[in-house]
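Next come the structures, one after another.
One chain, chain A, appears in both complexes that follow, with chain B as partner in the first and chain C in the second.
Now for the complex of A and B:
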C-alpha cells in the first residue's frame, strides 16, 4: 500500500471518530453553538473594556483561535489507537504507521478549518464587520495555515502523551488556553514578559494571526509575507518534530515492549 | 431520616467519591484548566486600562471551574457506572441511589470552589493585583449556594447523559450557552436585548451578580433574593433530574437492560 492509500484509510477511521461526536445537525447546533457562545463572550469583553477596537481585536483573535483549538483535538485522537488496542497492530504492520496516524487525526484539522471559517462568518455578521473580499479570501488562506500549524503541534503533544494517556484531556485544555493567552488572541504578544514572548513566537498561531490582522488592516505586503513565512516555518518545525518524536516512540515501543501501554 | 437516605449513606458515598477522585486526575481537570481563564480575561482588562474591572475575570474563572466540575466530571457518574457495570450493584443495594449520587456530585462541585483561591492567586502573582473581597460572608454563601445549584443541575445532566449515547456532544454543548446567558464573564446588560430575559433562569446569572457584588465596596442589595434564586434553580433542576433518573431506572429494571450499555 502506498503512503497515500494508508492515509486515506486512516482518514476514514477519523471520519468515523468524528461521527461518534457529531452528526451534521449536532455539529451546527451543539459544537458550533458552544464555540460561538464562547467566542461571543470574549468579544463582548471588549465592550466591557469600553473600546470598539478591542472588540474587533478580540473578534479576529477568537475566530482564528476557535479553529486552532479545534485542530488541537488531534492530540487526543493520536492516543485513541492505544485505547482501541489497535496501536500494536499498526506498529507491526508493514505499512507506514505515520500515514495511518496522520490520516486518522487529520479529520480534526479539517474540523478546525471548518470551525474557524464558520466563526469568522457568524462573528463578522453579528458584529457588523464587512471586510474587503480580497482581504477576507487572503485571511482565509492564512487561517488554514494556522490550523495546520496547530495540527502539527497537536501531533507532537499527542505523540508525547501517547503512553501518558490519562493526561490527554488536561494537556488539550491547557495547550488551548496557552494559545488563547499568549499568542496575540486576546492581548498583543508584547503585553507579556520577554520569556513568554519567546515561547509565543515558537508556537503555532502567533505569526499567522499577526498576518491576518495585517491583511485585514491593509498592512504592508512585506510585513504580511514575513509573518506568513514565519508561520510556515513554525508549522514545518512542529510537523517535523512530531514525526521524529512519533518515530522515536514507535521504535522505542518496539524495543522495550511499551507499545501495549495505555 | 430513613436508612435509605441516612447520614451514613451520604457520608459513605462522599468518602468513596473523595477516594476515587484522588486516584483519577481527570476528575480534577477543571481545577487545573479553568483558573487560567482569569489570566486571559484580566489581561484583556488590564491591557485596556480597566484594571478596576479585574473582578469580572476572577468571577468568570471561579464560576467556570465550579460549572465544569458539575458538567464535565459529576455529570459522567451514571454514564461511567453503566460503562463499568457497577450501576446494577448500586441500584440493587438497600441505600437510596439518589442519596449516593447526590453525595458524590456534591463532593465534586464543592471541590470546584478551590478554583476561587487558585484564580485569586493567579491574578495576584501575574498582575500584582490584590482583589479585595469586601463582603466575605456573601462570597462564601454564594460559593456554597453555587456548588449546591451546580450539584442539582448535575443530577439532571447526569441523567440526560446516561440516556443518550452522545455524552460528549451534550456535554460540550451545554456550558457555552449557559455561561453566556448567565453573564459569567460579561454582565448580561452587554448581551443583545432579546437574550436578556432568559438570563434569570440560569443560576450562574445570580451567582455572577452576587460574586461581583461581594468584590465591590458598594453596599450589596438583593443578596437574599439572589441566594434564594440560585438555590431554587438548583432544586428545580435536581427535581427534574430525579424524575428523569427515576423513569430511566424503572424502564431499565423492567426491561432487564440495567447492565446493558
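Now for the complex of A and C:
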C-alpha cells in the first residue's frame, strides 16, 4: 500500500514532467510525426531496394525501436530530481526512494508503449500491412515487454548518470543509437561480428523484436516462446540491476558527498 | 532528554589529502528537547554541513551524532521519521505541481496514511496561510510562499526535530516576519528546532541559545544575551561632543576599557570593563557639559564580527 502510494505520487510528478515537453496536440503533431518521419525514411529505403520483405522488416523493426527509444528517456528523468533539488530529500525520506523514482520515470515507459503502438498503426496502414488480429494482439503484448526491458536498462543508465548529469543527453542518444544499430532493427543481429552479437543478446529489444517478427511471420510457437522468455529474462535482469545500482549509488552518495551534486 | 547530541563530529570532502576540505572539525554539541538553537556563522562556516550530518543526508567522517537518542549512522531508519528538514531557496519543490500536490507527495514518502495525510495537509495549508493558493502551481508562488510550503513539507510527518537551513534567505521583511512567527508557534508546541542563519536579528529573535561556528569549528554556545558579553562585559556609553582633553581623561579612568570614535555620527564610544565604573563615567560626562549620552549593550552582530574577526569576503 505504502509502496503503491509513493509510486502513484511519483507518477503524478512524472506526468507533470511530461506536460513540460508535450501537450496532447504536440505529442501527436510534433513528437509522433518526428518518430514516424524517421521510420518512414527507413521503410522507404527498403522499398527503393525493391523488396517487400525488406519493407516489412524495416517497418516492424522501426515501429518497435520507436517505443524502446522513447522508453529510454527514463534515464534522463532519473537525473531530474537532482535539478529540482529533491534528491537529498528523497534519499532521507523514510519511504521507498525506488518507488518514487520508478513512479516518476515510468511515465516514459508509458510514452514508449504509446509511441510504438501508434507507429504500428500508422505504418501498417500506410504500407498496407494487415496482420491477423491474434498476431497483432500478441505482438502488442511483446511490444509492451520490449518497452519495459528498455525502461529497466534506462533506469540503470540513469542511476549511473545521476551524479554525472551533464552526460545525460549524450548517454541517451548513445544508448538509443546502439539499440537501433545492433538489435536487429534495420539489419539482422547476425550481420554484426560475434562479440557485438553477444552484447545485442544481453541488451533490450533483440529477443522481443525477434519474437514479434516470428509472430507476424507465423513462426513456430516454441521459437516465439523462447524469444519471449529471453526478453523477459533480459528485462528482469536490467530492472533488478537498476534497482541494486540505484540503491548502492544513492546511499553511497551520503559518504562521498555526491548526494549533493547537480 | 537531549534532542541532538554530537561528539567530535567531523566531515571532510575529497579523498586525497592534498585536495581535502574539512567542512566540519570536531564539533561537540548538545541541544535540549524543545529548544530553538541557532547556528550562526558566515557562508562556508560548516552550518549546512552540520545540518546535513544530523539529518542523515551526509555521513560523518569521524565522531558521532544522535537525534532523540538514535545514532544518525547506525540507526538511520529510526532517525528519519522523527526529523523534518527545510532548506532555504528555490530547491526541493516540484514547481509543476500545486502546493497541495507537493505536500501529498512528501506525505507519501514519509509513509503517512492517505486519510491521515489529507487531514494533516489541510491543517498545514491553513496554518501556513497557503489556503487560497494551495491548488495553484508552485511556479506561481512568491519566495515567501515557497518557503512556507517548504516548512509545511518539513512538518508533513509531524517531525519532532526540525532543521531549518537559512529558511528566510531572500524573503522580504514582511514574509520573514510571518515565517518567524510560525517558527515561534512550533517552538511553543515543544518541537526542537535547529536554525542556521547569518541573520543576527533572526537569531536574537528566535533562539534560546546560539552556537557560533566558523571554518568548521564551534566557537561558542551561549544565549544571545550571554554572547553579547564576550565583547564588552558591561554596558557601553555613547556620547556626542567632548574635546581631546576629556577623551584622554576618560581613557585614564578606572573601569574604562577603551574610548573609540563612533562608527557613525562623529561621537565617541566608551567600552567599560567594570560595571561599577558606569555611574562615575556618566557623572563625569555630565560635568563636562555633554548632553547627548546613551548607554547600550552590544548586539549579537557585534559579537559575531568580533569573534570572527574582520575577514571581509575571505573564507
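The rule is short, and it goes like this: the second predicted complex is superposed on the first by the 261 of 262 C-alpha atoms of A that agree within 3 Å, B and C clash if a C-alpha of one lies under 4 Å from a C-alpha of the other, contacts with A are read in each partner's own complex, and residues count from 1 in each chain.
Everything below uses one rule, namely that contacts are C-beta pairs under 8 Å (C-beta built on N, C-alpha and C of every residue); 3 or more make two chains touch, one makes a residue touch a chain.
If you're wondering where the values come from, they're calculated on a predicted model, not measured in any experiment.
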Touch check for A:38: first (chain B), second (chain C), both, or neither? first
Of the two partner chains, chain B (first) and chain C (second), which one does A:130 touch, if any: first, second, both, or neither? neither
Please indicate which partner A:220 is in contact with in the superposed arrangement: first for chain B, second for chain C, both, or neither. neither
Who wins on chain A residues touched, chain B or chain C? B
Partner chain in contact with A:170 - chain B first, chain C second, else both or neither: first
So in the superposed three-chain picture, is A:89 touching just chain B, just chain C, both, or none of them (first/second/both/neither)? second
Taking the superposition on A as described, I'd like to know which of chain B and chain C A:24 touches: first, second, both or neither. neither
Taking the two structures together, which residues of chain A meet both chain B and chain C? 20
Residue ranges of chain A in contact with chain C within the complex: 2, 5-6, 8-10, 12-13, 16-17, 19-20, 84-86, 88-95, 100, 254-257, 259-260
Where on chain A is chain B touching in the complex? 20-22, 26, 29-31, 33-38, 40-42, 44-51, 54, 58, 166-167, 169-170, 173-174, 177, 180-181, 186-188, 191
Footprint of chain A on chain B - complex, ascending: 24-26, 29, 32-33, 36-37, 39-41, 43-45, 47-48, 50, 53, 56, 166, 168-170, 172-173, 175-177, 179-180, 184-187, 190-191
Contact footprint of chain A on chain C as seen in their complex: 13, 15, 52, 55-59, 77, 80-81, 85, 87, 89-97, 101, 104-106, 108-111, 114, 157
